[in-house]
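As written, the chain order gives the labels A, B and C, with residue 1 at the start of each chain.
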Amino acid sequence: MSEGADFDAPVRASPPPGTLVLQLGSWEGPLDLLLTLARAQKVDLAQISILALVDQYLDFIREAKALSLELAADYLVMAAWLAYLKSLLLLPKDPEAEPDPAELALKLQFQLQRLEAMREAGQALLARPQLGWDMFRRPNPEGLAEDRRAVYDCSYYDLLSAYGAITARRTRSVHVVRRRAVMALDEAMERLEHLLGRSLDWTELSRFLPGDLRDESYARSVLASSFVAALELTRQGKATLSQGAAFAPILLKARHDG
Amino acid sequence: MDDPQDLALTRALEAILFAADAPLTLTDLTRHVGERGDLLPALRALAASYAPRGINLVERGGRWQFQTAPDLGHFLRTARETVKKLSRAGVETLAVIAYHEPVTRPEIEDIRGVAVSGGTIDVLMAAGWVRPAGRRETPGRPLQYATTPEFLAHFNLASRRDLPGLADLKAAGLLDREPPREVPLPLGGREE
Amino acid sequence: MDDPQDLALTRALEAILFAADAPLTLTDLTRHVGERGDLLPALRALAASYAPRGINLVERGGRWQFQTAPDLGHFLRTARETVKKLSRAGVETLAVIAYHEPVTRPEIEDIRGVAVSGGTIDVLMAAGWVRPAGRRETPGRPLQYATTPEFLAHFNLASRRDLPGLADLKAAGLLDREPPREVPLPLGGREE
């Protein structure tokens, strides 16, 4: 490509009749241009003369005007490659040549055929009936509903054991009271008053307690309740309390006023 | 429909009605197919030819439309069932309702010793096992709950009398079970 | 369709396909009608019974759908219906993907002899006709592209086998990646 000066030349006002309109922008790349040139040979691509095609392409690039550089790069690379291919093809046949020029030419021919096939396929697709133009679907189908229904899993055993658990929870609280048995204050007062009625002398409080207190926590409860009962009876004026010293035995006797 | 002329008109009407986004009047249809005389006989013949199918052509208030046959609605829904385990609170509440129905929510809370969230009863109602059963004629007129026939069916019970009594539960060892993992909150506490 | 059993199934399939808002696979249909053995014969019989009508039942890429007959489009197009025109590059790229799928972008560029702008494939994907179809297990693991069932549905193709001229192109070796080696080259033979 030595005609660099031509790139700055003004665009031809009108092309001479019978020539291609030379505007690179109207091709989808060099292969497209090559294919267009090949179609101009008006023969089956399988029969095409690669040498003639190379010459046409190189002529075209030489003639091309208004070549913007970024657009031109691909075309120039192709031109260089074609010039190289042409030189290989014109040299005397060398069986050792690598790459084999015949194979390169074959590949170019294949590419052209394949591109043309895809072009025609695209047109054949567009010629088919199309949805939204030829065929229509229902515009507002009701759609198929999918109910996401939760199914709850609960076995009969789950149900009964739950009720068992609730019942057990409620009855357990009664057990608790029984196990931690206490002598209630009323009971202690009733008992103490009853026993005191017969004893007119000072008597140790501990002697009023039941004799067989094996359960230690119950014994403590009895002692505490009886002590409080003794205080209460004294307050009510039904008994008199006495203690010689701190931690000495507590003495108790009935009081009979009037 | 043997006459090619008729067939062409019928096919056009079919396609127009199928692709329409609303039911069409005779005027609408005429605008689409052009002036072709009375469309009514063609529409009636078309409707008759669709009558045994799963799609029907029907006229409603002078407007024509295709719709699915009314007896096939159940095919248009699929139930994707997801199995959920009833929560412990749910099972217990269900058990209390079953044993004590009709029972009010405060009573359920009293028996369970735990506050019952509204969601728990909602779930039992959604499952179809519990229903509201009138109001108790006491101050505040609280709503009562009871079980449903589906409840009996689900647990394969002929009637509520088939529920084992406390003695049966005890005999079956169901009263001696370990305390539940969920520690009951004092009344007034909140469930999960 | 004389067997009442068959008729019931056929009617159900009709209603389901009519109401569906997207083409349905055999799996979708089975979910709605329940397990009834092979649905394909029933669908084929149904499609045959609709073939002469203005509504057709068609299979497109393994999905079944009702649509209007392709020759009736002129009754249905409204003035505001404008088809988005695909660019020349778009049409060509679509053809390359359809006939060569799965195909990588460098392969598309090699076939078209020009760099494919990102926008071209985007437009095809936005139209729902092209989808990424995994990576090629070669160095660089390039992404591959393929067409979708919607592409087949749009161009009224039952399957890729119905692509126009596919068999001929295949036989001519034009869908291969490399030129057929055994073809004799008419090198420069026709120079004037």
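What we mean here is this: a residue touches a chain if its C-beta (ideal position, glycine included) is under 8 Å from a C-beta of that chain, and two chains touch if they have at least 3 such contacts.
Only a predicted model underlies this, so the values are computations on that prediction, with no experimental measurement involved.
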Centre-most chain, if every chain is reduced to its averaged C-alpha atoms: A
Remotest chain, chain B as reference, centres from CA atoms: C
Whole-Å separation of chain centres (CA-atom averages), chain A against chain B: 31
CA centroid of chain B to CA centroid of chain C, Å: 40
Numbers and ranges of chain A residues touching at least 2 other chains: 136-138, 142, 144
Contacts with 2+ other chains: residues of chain C: 16, 18-19, 32, 66, 68-69, 76
Chain B partner contacts - residues on chain A that touch it in the complex: 136-140, 142, 144-154, 156, 158-172
Residue ranges of chain C in contact with chain A within the complex: 16, 18-21, 32, 56, 65-71, 73, 76-77, 81, 83, 86, 88-89, 91-92, 94-96, 98-99, 110-115, 153-157, 163-165, 169, 172, 174, 178-180, 183, 185-192
In the complex, chain C residues that touch chain B: 7, 10-16, 18-19, 31-33, 52-55, 66, 68-69, 72, 75-76
Chain C-touching residues of chain A, taken from the complex the two chains share: 28-32, 34, 41, 43, 46-52, 74, 89, 102, 105-107, 109-111, 113-115, 117-138, 141-144
